[in-house]
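First chain written, first letter: the chains are A, B and C, and each begins at residue 1.
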Amino acid sequence: MSIRMCLMAGAVALAGIPALGMSHASAEEITLRIWSLDKPEQPAWNLAKEFDDKEPNIKVEYRLIQFDDVVSEAMRAYSTGQAPDIIAIDNPEHALFASRGAFLDLTDMISKSSVIKKENYFKGPLNSVTWKDKLYGVPKATNTIALYYNADMFRAKGLDPDKPPQTWDELLAAARKLNDPARNVYGLAFSAKGNEEGTFQFLPWVQMAGGSYKHINTEGGVKALTAWKTIMNEKLASPDSLTRGQWDSTGTFNAGNAAMAISGPWELNRMTSEAKFDWRVALLPIPQPGAERSSAMGDFNWAIFSSTKHPAEAFKAIEYFASQDDKMFAKYGQLPARSDITLPATGDAKKDAALKVFQEQLKYAQARGPHPQWPKISKAIQDAIQAALTGQMSPKDALDQAQKKIDAVLG
Amino acid sequence: MTEAWRNRLMLLIALALAAVYLFPLYWMYITTLKSGSAVFATPPGFWPSDPHWDTYVYVWESRNLARYLGNSLVIATGAVTLITLLGTGCAYVLARYRNRWVDVGLFLILMLQVLPASLMITPIFVGFSQLGLLDYPRFAVVLAIAAKSMPFFVVLVRATFMSVPMELEEAALVDGNSRIGAFFNIVLPLARNGILVSAILIFMQAFGEFVYSKSIIQAIEYQPASVGLNSFMGPNTNEWNSIMAFATIYVTPILAIFVLLQRRIVSGLTSGALK
Amino acid sequence: MRKLALSLTDGRGFDILLVAVPLGFLLALSGLPLLYNVLMSFQEVDMFSLGSVIRPFVGLANYKALFAEPETWPIFANTAIFVTASIAGQFVIGFGLALFFWVNFPGASWLRGLFLISWIMPGLVVGAVWNWMLSGDFGVINFLLREAGLISRNIFWRSDPNFALWAVILANIWLGTSFNMILLSVGLSAIPEDLYEAAELDGANVWQRFVTITLPMMRSSIGAILSLGLIFTLQQFDLFAAITSGGPNNASNVAQYWAWDLSFKQYDFARGATISVIMILFVMLASVIYVRSTRQEVRG
């Protein structure tokens, strides 16, 4: 206790010295509070620290929040006047805050900025920070999903590892061939979990077949859900896919218990160190040759709360983060949401090849929403997936029900 | 000799039961030594082929575990102290009388604990922020935990006071003790074991409390180990082996201390001052 | 003034003070938050109006909307099954273990202490470990059942709608057993041994002794443990989040998880609060039963 007292007394004394010595000092130190879900091994944690060191007049307080808690913590804080200055928020939740004026309109600041230029960003991520033609944030990073496959298993089952499945039919055919219950191998690993992950994985299938979140019960939507049902019914993927997220599902792929996996670039580091086989990445298969490509768009955006007392400094921090975008992949495996950056090779052949595919796939990535009531739309889709895959409803009925709920939200 | 054989048989059965019950603990330990993907391997590995002992080094060095554990200790100690101070007397009175007011008291105490912390945190956060308590985050969490766990303590300690014969207290009053004197000199010492067991149970719960701590304590310097544990979780990246190593480091010593303590408490009770 | 001081140290005032302070503390820190939830269930709540209590009043609209949902009754039924099965399992196994370790054999108290592990392990870890153990493919439980020849095909504990709720119940029984056991052990050791010696002389067998001595002497402990068990099961949240997330298709969803999901995943705070009010009513009933049960307590 006494140690803390001494430290505090010391801090007060130190703070007093400049105040006495240079009473005309230009700026006194201000504090920026930044909330993000990045751990010590991830970008924002370190960027915040670097910015703190770089700016003598700005003190940064970084708080790590869990993925599940970002929105509830932010709402609680904002409604009691305790909101931070800057927050990293998941892209489908961005509109919820932007539409209610909780985030600061950055349109003017961005147009004057020499670091952040609107035209440098991919369309999907930029779309997610936009509400009514105004920009309420800056994309922090982006990701998408593609098809990982075990080339060794392809060879063992007489499939050509240089020709990964291109269409849904080929994907199912390959999965059937690769499926090997005796050796505890499933053809495919993916996630149909009843949370945002399920929607994230399912929506690209609907979009490739010509549907969208607004029109989920179209022919394409039913075709997509029927394909998923076939995968589950034929046990081409583990029945636990219904209650398992993407990270755990891909874990079974890394362990050699699944021959293919649908997941994103966040897997690359773990896979590089733990998967003891020749793994590769291919674009997400499409419904039929020539169909339009699509994929999910994930990851977070930076936003400034409208309640901040230091908008200029907060924007300066985001500018600093954006200026470091080119180093993020090599250091942390995070993909910048920008088209003007060529990522340097990492030196790991498998990783570099995978990166190329993901960058190609990113061109087709579509934002979920943006819609302020996205969670309700997403919930309707999740319910439909779960009802159909557990056999409690036919894909058509399940999607019809979802459409009804979505129409009610869209008004 | 039959006595000895019976003892051996009992011990054997006890070991088997413990082995079954402690399996999740074993699985926690074994996961710390596996690689991230080996957790998901079929068939499951009961002993890793290449144990990753370095996970412990990484966890200890990367997370400043000592600071987290220190905060957990501060919070748990604070909560137990507050609960014991407030709860013991309350339990004593609720055990001493038998009337409508006692019924109301017991009813309220149980009722107030019904909702999970995850639903209570919003109003508590709102209230604390209006009172300015969020500026003293660890103290605020101690208050919140005390409110959550006190009913548990009161109900248990009340059951303990019930087993203290009323006649002993009455005799003390006849001997010229005041009520306060009889309480501290006669009743409290007799109920000490029950209070101690309950306090230890509360301590261990408070040590691992998570929901209130993560919302109320925002500065990392004051966060307890339970919140630090979650810093290995991320969207699509859960370092399960690190999480388990972190948990192992803080669970094992507590378990050891408890095994030592409860032996004295529970078994010491039979030879207590009651008879 | 002296009279007051005297009352506080030696009279009614002493009792009132001892009860009033903690009760006041509880009413402020638990009572007000409960009221906040009750209030929300009659209001239209918006995520940005969380900080104030003045919000548009909507009467019973939230309740009507809740009971119009097709999943409402199945989820409440699940909650009832979860609570009953969990408490029954925890109590029976806990009592069995307490009686077993009560027989004094060397090593008994050491091993009993180890059982408290489930009380100490953090919720996140317990949830993750049970998630893996209950997994269909790589789960240890299936592995052992298969090796023992009890099943020929894997049971998908978490993802089969017929098993999902029972998977969480199984994990919850494991979690609660230690608490039941340790408290019942304390209760058992408070029973004077001469009672048993007297009964043995009278020729009572083990079962008769259990029914005529053990159970009645334990009445207040059992009442306390069961009512606390009810509260702990109703508060159980981590296991649902970790093992099934209430899925598949709500097969393992219960009131407390649903209330959280509505409030913090779909931001429908009013609906979440409405469910919690129904839970409060349910516990009120249980509390009345507990309080009545204390009427027949025997004072030692």
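Keep this in mind: contacts are C-beta pairs under 8 Å (C-beta built on N, C-alpha and C of every residue); 3 or more make two chains touch, one makes a residue touch a chain.
What you are looking at is a predicted structure, and each value in this text was computed from that prediction instead of being measured.
Contacts with chain B and chain C are shared by A. By C-beta contact pairs, the most connected chain pair is B-C.
Averaged C-alpha coordinates give centres for chain B and chain C that are 15 Å from one another. Separating the CA-averaged centres of chain A and chain B is a span of 37 Å. Touching of two or more other chains is recorded for residues 39-43, 122, 126, 129, 230, 233 of chain B. Residues of chain C found to touch two or more other chains are 50-51, 137-138, 263-264.
Chain contacts: chain A has residues 72, 76, 79-81, 184, 252, 255, 257 touching two or more partner chains.
For chain C in complex with chain A, the touching residues are 47-52, 135-138, 156, 158-161, 164, 243-251, 263-268.
Note for the complex: chain C touches chain B at residues 9-11, 14-15, 17-19, 21-23, 25-27, 29-34, 36-37, 50-51, 97, 100-101, 103-126, 128-130, 132-133, 137-140, 143, 174, 177, 179, 182-183, 185-187, 189-190, 192-194, 220-221, 223-224, 227-228, 231, 234-237, 256, 259-260, 263-264, 269, 272, 276, 279-280, 283-284, 286-288, 290-291, 294-295, 297, 299-300. Residue ranges of chain A in contact with chain C, taken from their complex: 68, 71-72, 75-76, 78-81, 96, 100, 102, 184, 186, 193-195, 238-244, 252, 255, 257, 375-376, 379, 383, 386-387, 389-390, 392. Chain B meets chain A in the complex at residues 35-43, 62-63, 122, 125-126, 129-130, 134, 214-215, 218-220, 230-238. Of all the residues in chain A, the ones that touch chain B in their complex are 37-42, 61-64, 66-67, 69, 72-73, 76, 79-82, 90, 184, 245-248, 251-252, 254-257, 263-264, 266-267, 270, 273-275.
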